[in-house]
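Provided herewith is a single structure, encoded as structure tokens, for subsequent inquiry.
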Amino acid sequence: MNLTTRLPGLTLKNPVMPASGCFGFGKEYSQFYDLSELGAIIVKAATGEARYGNPTPRVAETSSGMLNAIGLQNPGVEKIIEEELPFLRSYDTPVIANVAGSTVEEYVKVTETLNRSEDIAAIELNISCPNVKEGGVQFGTDPSLAKEVTYQVKEASDYPVYVKLSPNVSNIVEMAKAVADAGADGLSMINTLTGMQINLKQRKPIIANKTGGLSGPAIKPIAIRMIYEVRQALDIPIIGMGGIITAEDALEFLLAGANAVAVGTANFQNPLACPEIINDLPSVLKQYGFDSVEDVIGKGHV
Amino acid sequence: MNLTTRLPGLTLKNPVMPASGCFGFGKEYSQFYDLSELGAIIVKAATGEARYGNPTPRVAETSSGMLNAIGLQNPGVEKIIEEELPFLRSYDTPVIANVAGSTVEEYVKVTETLNRSEDIAAIELNISCPNVKEGGVQFGTDPSLAKEVTYQVKEASDYPVYVKLSPNVSNIVEMAKAVADAGADGLSMINTLTGMQINLKQRKPIIANKTGGLSGPAIKPIAIRMIYEVRQALDIPIIGMGGIITAEDALEFLLAGANAVAVGTANFQNPLACPEIINDLPSVLKQYGFDSVEDVIGKGHV
Amino acid sequence: MITKQLLTIKSHMQIAEDTFEVVLHSPLAKELKPGQFVHIALANHMLRRPVSVAGVDTESETFTIIFKIFGAGTRELSKFQAGDSLDVILPCGSYYPVDQLEIDHALIVGGGIGVPPLYYLAKTLKEKGIKVTSVLGFQSKEQIFYEEKFQALGNTYIATNDGSYGKKGFVTDIINELNPAFDYFFSCGPTPMLKAVSGQLDGHKGYISLEERMGCGVGTCYACVVPLKEDPKKSKKICKDGPVFSANEVILT
Amino acid sequence: MITKQLLTIKSHMQIAEDTFEVVLHSPLAKELKPGQFVHIALANHMLRRPVSVAGVDTESETFTIIFKIFGAGTRELSKFQAGDSLDVILPCGSYYPVDQLEIDHALIVGGGIGVPPLYYLAKTLKEKGIKVTSVLGFQSKEQIFYEEKFQALGNTYIATNDGSYGKKGFVTDIINELNPAFDYFFSCGPTPMLKAVSGQLDGHKGYISLEERMGCGVGTCYACVVPLKEDPKKSKKICKDGPVFSANEVILT
């Protein structure tokens, strides 16, 4: 079974990669399996300077999902390049850097810094993080801001740029078109939906930041719908994500029009989620009558 | 334990009512228990004329949720008034009519027709149904359209008007403010999120309408967040809904700022969901240190 | 009177490939009529699963269901054991109006998981002294169940899609060949089969039983409608007005 | 080497109100050190539940956990039985560095579900010939467990919030009164208790073990950080760098 999938700047041996923020920089999960098995790796967000992130608690469990408000904690792009990315060199799998920021200038600065690294193959532009006070999500909900930051980052980047869209919008196609117009090489969708859980005993939101991003199987129908809608309207490559647990889920994303998939929350429940999905994929594809991954992409459209 | 909650035009003996579209016009569930136990009843949407709705399949199951695309099937407002509402007269519980339409004129016409009925206590203005081709959700995602239809319906209505908001928006507070400005007596939130599920065997969306509205526990964190945000910004009464299964869930909505709650999808899983929640509520309130329902409302804010 | 009950499983056994027969105890068993279904709750599933009544034993106050593993819900249902409990809404839907009909010879046409309700029907007809001829279709030999039980009620013919047993082909092929005499036909199975059978037997009096994805299962949510022949802008609910309809009443899609 | 394993439950029993002791078999049992935890998956729960190791038996390759029903997950955990399997990640986190320390007399201070890891620690210390004094706090008499086991290792003092057993009040009240001699203290329990204890024993050498809501439990998600005293803009991860920290290392909030 041919699992190869080709996206701008990325020829992946299989379409499955861990999602940003759910895999750190790979070290921990490398204890569980050989990271070379992965189609690619999207690492944790990088900002211009080190960020502490939000106060704790930062996570809560919901029905078939979870909330998180990490707040982009990371050691800063310089340290990531120096101390984190070199570890991944020994694995035969492309690395996608996730770029975040509060201002267009910060996004551009991070991108320019990443240009110096040879340890990455692409950039994922995170304009959709709902857990930071300034920046992040505004870029992800205003088409003109999204267009502007995409354009600037695209100008600054030597690597292909995948723009990660926020699902917290009325019209996802409009957002996709805006960033495609600005030159995005691909899309990553979806990031988390903004949610809240209240602690009944303490009478206040469980997450210290009050709101957090909802991820996991609960949001899968929203992700599938948005990818389907964007695929109907545009030809741009898509890395699909949101609630993938099994190889069947991955297949559903491919049918909806994703060219590859990312697995986030599932890693926490099962550190072996990615390799198990990769392992199951050939027989699942066969069961549903497909000969290769590229054969499936977009085939759920009527 | 005092379960009374007061909203414009509605003094409810308890805060729990079935949500629109999940209870028909009451007849079926009246076989399971005495509807007088309910705080209120929100009946199925009414449009100007009878509507057939969408082709089947109209529902699909998702992780901790479901999708539906009924498409506002109903016998039309006249028949609802003549043939459905009289049945509910014998119960000691206020009825809230759900008003839908494709144009402002249709909304107004349905409202004017409902004015003639003495069997209702309030109107829920459904500007958020994602399952109809025209009308419905556009009103729910564009603040100026929402304002306009609310204003017109409010002009036409002798009953208090609760506007039911769509969660498919970037900024729920902006929507709430728009309809509050237009004179809404209260808000109902949230309606369903637009989603999709793909049938792997058939390689097409399960729901014939392709997309459907996502409801159930999966969306509860989004509902809680939106109610919390609106309660922070505005003083307007709120009927809260989205994934309520247990009395603890109902308490969470009250803490977030809802003045009453509606139960939708849970009825399908458990026809006794509403009376069971009502029955459990006193002990749950007591367990968390509350003396009455009105004592809880909004207490989850810090 | 429809109710929600916690019922004890009296027996649970596999009777064919992926196919299980479960006997449940309920004081309401005797009220279940051929064609009706029960609506079963499953932990971790938002929606209940509709399953037809395949038989009733009034003395022991039990009824039987037969189901095939189709997806996650029926797989979960296959793992229960005797002694476990199931949360069930019953009785649901309409039934074959056998008491109101004057029948001499009934033709039963069933396919796959459409066969179980027809067994209860055939048994009821036979007990009323009505002659029964049964034509049953299955995918393959491994999937066949209740053949002898049907034989005990009257002539029974079996088709399999792959020809591994009985006639290779469809129930319509058998009916074509057999050209059986009957005054009423009763059919249940996948929609393509129902369409073919109603087409083939057009002009005959008969009843069919439909399936559709359901929300409530009791008539409140409008998930399960089927358009009417007399006016396609009108519909009936399969869960409440059906699942049994007169053969010419509804439009099969 | 951290791994994910399916472990068989050897015994499962209630030892106090809402409190259960579970013995699990794993070839890795002998590698579990006092202070470390295991991360347990539960069906129908998105996130795993962290539970401390309360004891290890190298011979039978088993280890013990003790947990109290707190919410839905621990309630589900309470329903398992001997013979069932649990999906567990282990070993997780840091441990009390007993081998690196020169200790004569250890003061153990535990509260509620902070007590279990301290039993494994106390036992290990005692085996090394170190004198152990234990001060344990519980909500009420019904919640107390392992009192005799602690007694067997050294002097043990118990406080209950409601005074239904031992001293009425907090562990700090006992420490105040007792003014025990010790060179290292080891504490685990709710954060308010840890704060009170570290405050009271400020200037002494000691180790504390923290709790926080976790995502991954292995160090990838940054859910469980705690700010450092030396620079509150820096943090460590409780799941990976902790849960055991030197008493003056982190800021308790």
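General remarks:
Letters A, B, C and D mark the chains in the order given here, with residues in each chain numbered from 1 onward.
One rule holds in what follows: a contact is a pair of C-beta atoms (placed from the backbone, for glycine too) under 8 Å apart; a residue touches a chain by one contact, two chains touch by 3 or more.
Computed from a prediction, not measured in an experiment: that's the story for all the values here.
Separation of chain B from chain D in touch steps, taking the shortest path, is 2.
The chain with its Cα centre farthest from the Cα centre of chain C is D.
Note on chain placement: the centre of chain C and the centre of chain D lie 57 Å apart, centres being C-alpha means. As a whole-number value, the distance joining the C-alpha centres of chain A and chain B reads 33 Å.
Spacing of chain B relative to chain C, judged by their CA centroids, is 36 angstrom. Those residues of chain D in touch with two or more other chains do not exist in this structure.
In chain B, the residues that touch at least two other chains are 62, 64-65, 216. Chain D makes touch with chain A in their complex at residues 1-4, 41, 45-48, 73, 89, 212-227, 233-235, 240, 253. Within the complex formed with chain B, the chain A residues making contact are 62-65, 67, 141, 168-171, 193-198, 200-201, 203-205, 210-211, 214, 216-222, 224-225, 228, 243, 248, 251-252, 255-256, 288, 299-302. Those residues of chain B that touch chain C in the shared complex are 21-24, 27-29, 31-32, 44, 50, 52-53, 55-62, 64-66, 68, 70, 73, 206, 216, 265, 267-272.
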